[in-house]
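Both of the next two complexes hold chain A, though its partner changes from chain B to chain C.
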Partner chain A sequence: MKRILALILLHIVVTLLLSGCWNRRELNELAIAVAAGVDWVDDRYRLTVQVAIPGQVTSKKSGGPQAPATLYTAEGDTIFEASRRMTQVSPRKIYFSHLRMFLMDEAMAREGIAKVLDLLSRDHEFRPDFYLVITRGATAEETLKIMTQMETIPANKLYESLQTSEKAWSASMTVTLDELINDLTSSGKHPVLTGLIITGDRDIGRTRKNVENIDTPGQLKYSGLAVFKLDKLIGWLNEKDSRNYRLISGDVKSSVSFIPCKNEGKIIIETLRTDSKLKGRIVESRPEMDIRINMEGNIGAVECSGLDLSEPATVRELEAEMEENLKRSLESVVDKVQSKFKVDIFGFGEAFRRSHPREWKEMEKTWNERYFPNLKTNIHVDYKIRRTGTTNDTFLNDIKE
Partner chain B sequence: MHVVKISLRQVSILTALYTIGSAILIVPSGMASIAKQDAWIACLAGSGLGFIILAVQLQLFRKHPEANLMQWTEKLFGKWIGKTVNLLLLLTLFLGGPATVLHEIGIFMTIQMLPETPIQAIIFLFGALAVLGVRLGLEVLARAAEMLFPWFLLLFLSMSILLLSEIHWEHATPILESGISPIFPAALSFVSIAFLPHIVLMVIFPGAVNRSAEAYKAVYIGSLVGAAALFLIIGLSILVLGPDITARNMYPSYMLAKKINIGNFLQRIEAVMAVMWFITLFFRISLYFYAIAIGISQVFHIKNYQPLVMPLGWILAAVSVFIYPNVPFKLQWDATIWVPYTITVGFLFPLVLLILHGLRKMLPKKSKKQSDSA
Partner chain C sequence: MRYRRRTGHSSKNTTKEIPPANSSTNDTDALKPDITSSLEHIRTTLGNSTDIVIREIPLDEEEKHYMAILYTDGLADQKVISESVMMVVADITKSLVKEDNEYSQPFDGQKILEKVSLVNHEIQTITDYKKLFHALLSGDTIFLIDGLDRGIAAGTRGWKDRGVMETSAENVVRGPRESFSESLRTNTALIRRKIKDPNLWMETKQIGRITQTDVAIMYIHGIANDKIVEEVRTRLDRIDVDSILESGYIEELIQDKTLSPFPTVYNTERPDVIAAELLEGKIAILVDGTPFVLVVPALFVSFLHAAEDYYQRADISSFLRLLRYLSIFISLLGPSLYIAITTFHQEMLPTRLIFGLAGQREQVPFPAFVEAVLMELTFEILREAGVRLPKNIGSAISIVGTLVIGQAAVEAGIISPAMVIVVAITAISSFVVPSFNMSIAFRMLRFPLMALAGSFGLFGILVGVIAIVLHLCSLRSFGVPYMSPFAPLIPEGQKDSIFRLPHWLLSSRPRLINQTNYKRRKRTPPRKSRE
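Our next item is the complex of A and B:
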């Protein structure tokens, strides 16, 4: 009898305790944030959150009356405050674990992003797998209002598009929170984030009309890289410089470039693999940087006649020309950053720290002021053209008058 | 009380789980904040140091595996001093061991998963589990360990393999950036969590192993497995997250689990990985708790330790709610007080016992000689 009583008591206690956690939040009580943006408006934060509307994403029938996502905006002296103030507008509490994109506008970036990032790294709901970008020429709020095709949720379009363009074109790059914080806290590298602009008609971009036609009037496009000094934005790299920057920092997967023919036209070369090595050297007690880049590619297209691609010598010539071209453009981007921005975004200092930890201790303090702007760099490019595509000699050679 | 016997394999597994225990959660952060990217070197150095300490702890029991730590203390210090020392040891261990580990699981859950849940709820549930395990005895715990260890290994190895693609080797360079000097304090903090508390096992295992002469080997093997697992988790934290983020995070191993992403498909499985530390933390608490329960029963000559478990469990659950007032206090405690305490209890104490034992062995001969000459 006692045993049975004890068992019943145990069951009651266990069911009471195990019935669920205090924070139990069912899926239909969550507002799943897919993108968030922070603007700096009149010395206050304006937080904008794009929330996916589940019913609109899954249903196959398109053209429902609702948009696939909705936007909540709140202002506050702190971001945390703003996110809680949002519940005045939103019927559900915002859930940040599935965040894909985090946007900050240029004003915020010039003010300093570090104070925003602490919340993101401290709060338990954020996973470190979303990408951070800087909106350019528009506030984050405006940017998050643009409707998109293909990926109906704009945050997903931004996420996929950044990943794809990083891999296939190399002018933009994905940066996650932990990478950004690593750059901020390291003394030998300053952070860089991809820029995001709205092209075309913003007003139509906000409406459903934007996705009704084949031609989308308003589009979201990645453009350039934002250069930071510590946590403050100080300038932008254009597309060409961005690509060269990424070649030096060494994580380009694939890209396309060209060299001019002897007569008219261009030879287009598709880069498939790159590998860059930064190595610090001390020459006569001054630091020097060896940048060694190994690249591999294929011939993508030929626009001119008179090129004999069955001849290994031609390929060697092309390789040499490619190397020369690349070397010049890499030197120009290093020059530009050294003279214009004077911050080490390449991670040269970081490379020194790894190879010359003792000397770095002395250079660390004045690296950006004294050493980096005058740092001598030796760039070696090794380009290997492996294949010529599915054809060998171009038919252009045999076009008869 | 019936005689408890467990096998050598079970000793190894229990030791391994005990070694990994709460260390898997807190060690990477603490070590990276001292030794930066060289935390893995500190871990190797710490393991070396740990085995020396273990040798000291095990020395008495290699030759006389039938008596446990409690009995040795009484034998060598005399009845009353011995009992006082034992009680002091058990009391401080109770506060520093299971209570803090139980609190650890509480704050881990409230920080990472259930921020609005009262910590009492988690502590009481987990504490109830430990009480149940300890009440059922060492044999049950050992068999449970045998069953759960493969699961732990599965989760641990799958986490390691899934993270291989995220490794950045340059995070580990430059090696020995700030010289050899931070290695020793980091190794000490490693030893204080992973090896010095092994003194608790000297209360449990002697007399409870079926082939007692070889039990010490099993403890070595278990510690080696545990140290290897910790080495792996420290290495992964440094290589995947970088020393800076590892040091800054409260629970880098949980952050590691969050980083898993295979093709945008196999991702967000950190809650599954958390099962791993529930297993190790459970055995850490249970073994501490079991040792204290049987220790008290021996001090007071209580035949059966089981009636002690429930009241101790209540005290444990209540104490661990307020053992640390806040998180910075806990971090400071772990860094400044726990280390010297464990050195005293885990190294100096067995060393004193060893010396006393040596003297005792020599003294009768001397006194015999003296009496002969007299």
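Our next item is the complex of A and C:
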């Protein structure tokens, strides 16, 4: 009996070992994709993948003849097909789990991005924490060819700089796959993605020359927000509108703005905290939107003399002026979106769905056409200046001619 | 050495003659009044061994009657022999002989025996050869007198002893430094010195047909569970081997389960630990000839507790214990987690880390599993070599180790630097476990887990860990569940397992060991004195 049991056990163990190692992949058998781009070329997809070369990234003697990353491009009727076709050029199978950036060019975005996204969300290899951006004025392929300084892998540069600029400047925003799909499927909000452009000289940007000097001729830069109607691109917001758009949607962490002085110069204020509340109301059976924004900031710089910042009244005056300024610019961006794009990218509809679910059911179908363009918005800004930095009054007050 | 000595012994006598001879009619035979034949028998039985000293002292004129003094040179204390034994002999002869050098009295064995029995305080009457040989070979001095069918054994045991020295295996920053030595009597004294209670009871047995090793059971009557004491007695009585040379022999012969990497008998060389264990109701088994004392029943947690835990303040001890529990997990799972994550679950790593690891691995020719096994084996070999090497060339090993593993292997591209880090942290973690046999258990289990990780990834590790946990929960040590107080969960026991609460909160002894007398002390916090 014991013998038989032992034999059975032995056979199980042996078969386990014989079955091989299922999906075992050693680290040096992977081509780690860090960025991928999809272009729409002649009604076909062109997939471009930027693959990091780990040895180049980590070795102490970096700056050798090899670039830190390499690019593989393949075309196909479907993206999946293109990605498998890529193995014709790539020595290793592309591994997508560590994707940082997913780029789509403008043509692709105008064609519709939804069919691209399904693959990304379905395939098990994609870890949905990469950011999606739209390249503007260049294809994704061209964009991924630009060499970058500091972060040697361009995808890392794109990733880091999108994160930092979202936090510190707020004109661009990080959108992950989940967030994008959420916006796409929600009836009361349309998606928005950050735009990416190449500035300067593209031809030098592609070569090692780009990173050899202090001056980097070709740069990758985020610029503006792409406005989508469902999954199709319909237009762009400029930098200022982008920032104000993000204020309304309430996820600005920090930014910089200014108000003019009474005499010459400006007072620069650093925003540190914002919080926005969207609240729908029905007034005489018409929807109205209350937008309440609470902000806090510090005085960042003062360019004009004659300002007594130790006086609470002065600060209160500045706050009032700030509120007025902000209100005006927020109104302008809402106006612009209402008249030009006629697409609810702010999520007003979503706010209505939450506060008035019954009424929303009726409005849902015609929200973008009928209600949104004519929606009355009441914007209320509450700005608090908390600190004046390390000094009170500016020394400009003491400069005497 | 040990091996050779044993075979040398057995080649002539042991294999055929000694085991039956020991129990044969000759030995259990009573002593005969005829001293000449008795001495002859003793001589032949001991093979005329040169360290057996036999002195014959005539007791009457015709030298018809004489007495014999027998002792083993080296085992008997020379000082005691020369002072009291020879003194008694001198006394006896003096009383027999008058000034004119003539024997005044006729021979009277009984009278002489009475005089001899005054030699010292440790007197034992001997009536058969079995007792005689045991006493003689334990260092006692035997007096045989012509015409009497009994002799006397006087306690003269005293041999060169290492003495009470500093602990070598279990070091502490704070706490007593003394450790047990090879002499059973010294060891029991060390324990007695710590617990001066009449309820500290001790029983002694001789185990080992040839070695006749003294084995003592110590427990505190009233605290120790009588059933367990009885169980220890029966298990010790069941032992039937020819030799007990170390407590490890006993451990293997009395443990509940042999096929387990985990030790179910605790051992220590620290008297303070033994005292603490006795006070928890456990039973100590002391074996003559080794400083390592066994404790039963042993729980999993006690292998992770250091003596010092009770000497440092509660918060410090709790932190150190947490650290130990963490390090057993590292020492068990370190390399296997690395293998699993880098070969199966690359998506779990932060992106920057995977670049680093992949960059290091670019030139490595082996799979991570082979790499890990190579390094772990190298480390185990180095460690074993370090233990066996003479102390003064031990440093050579560390040089070779650091150079070979740390640098050359990495520079040659055989091993990735990350693997060196993993192996190093695993190795260091395994040394944190205070008990050597527990730490080696985890070190051994590391290899199957690595194989599982190399073929199934985290899934394999999970299966392996579940198997280990199930096995641990199925173990018992002398009837007490090995994993208590975790499984079964005993809330009271949690006070002194992963954490150690202050002494005034530890009001009860381990519940599964002490089923009746488990209150340890009143639960009163220390108070500030009022002025």
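By definition in this document, the second predicted complex is superposed on the first by the 384 of 401 C-alpha atoms of A that agree within 3 Å, B and C clash if a C-alpha of one lies under 4 Å from a C-alpha of the other, contacts with A are read in each partner's own complex, and residues count from 1 in each chain.
Definition applied: contacts are C-beta pairs under 8 Å (C-beta built on N, C-alpha and C of every residue); 3 or more make two chains touch, one makes a residue touch a chain.
Just so you know, these numbers come straight off a predicted model, no measurement behind them.
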Exercise for the section: Have a look at where A:127 lands relative to chain B and chain C in the superposition and call it first, second, both or neither. Expected result: both
Handout entry: Chain touching more of chain A, residue-wise (chain B, chain C)
Key = C
Exercise for the section: Check the residue A:100 against both partner chains and state whether it touches chain B (first), chain C (second), both, or neither. Expected result: second
Exercise for the section: Name the contact category of A:185: first (chain B only), second (chain C only), both, or neither. Expected result: first
Exercise for the section: Could you tell me if A:355 is touching chain B, chain C, both of them or neither one (first, second, both, neither)? Expected result: first
Practice task
Kindly classify A:30 by the partners it touches after superposition: chain B alone (first), chain C alone (second), both, or neither?
Solution key: second
Exercise for the section: Applying the touch criterion given at the start, work out whether A:55 contacts chain B, chain C, both or neither, answering first, second, both or neither. Expected result: second
Practice task
List the residues of chain A that touch chain B in one complex and chain C in the other.
Solution key: 17, 21-23, 97, 127
Problem - chain C partner contacts - residues on chain A that touch it in the complex - result: 16-17, 21-28, 30, 32, 34, 52, 54-59, 95, 97-98, 100, 125, 127, 153, 156
Exercise for the section: In the complex, go through chain A and note every residue touching chain B. Expected result: 17-18, 21-23, 97, 121, 124, 127-129, 178, 181-182, 185-186, 353-355, 357
Fill in the blank from the handout: Seen from chain C, its contact residues with chain A in the complex are 342-344, 346-347, 351, 354-364, 367-368, 454-457
Handout entry: Of chain B, residues touching chain A in the complex
Key = 111-118, 121, 124-125, 170, 173-174, 176-178, 241-242, 244-245, 248, 255, 258-259, 261, 267-268
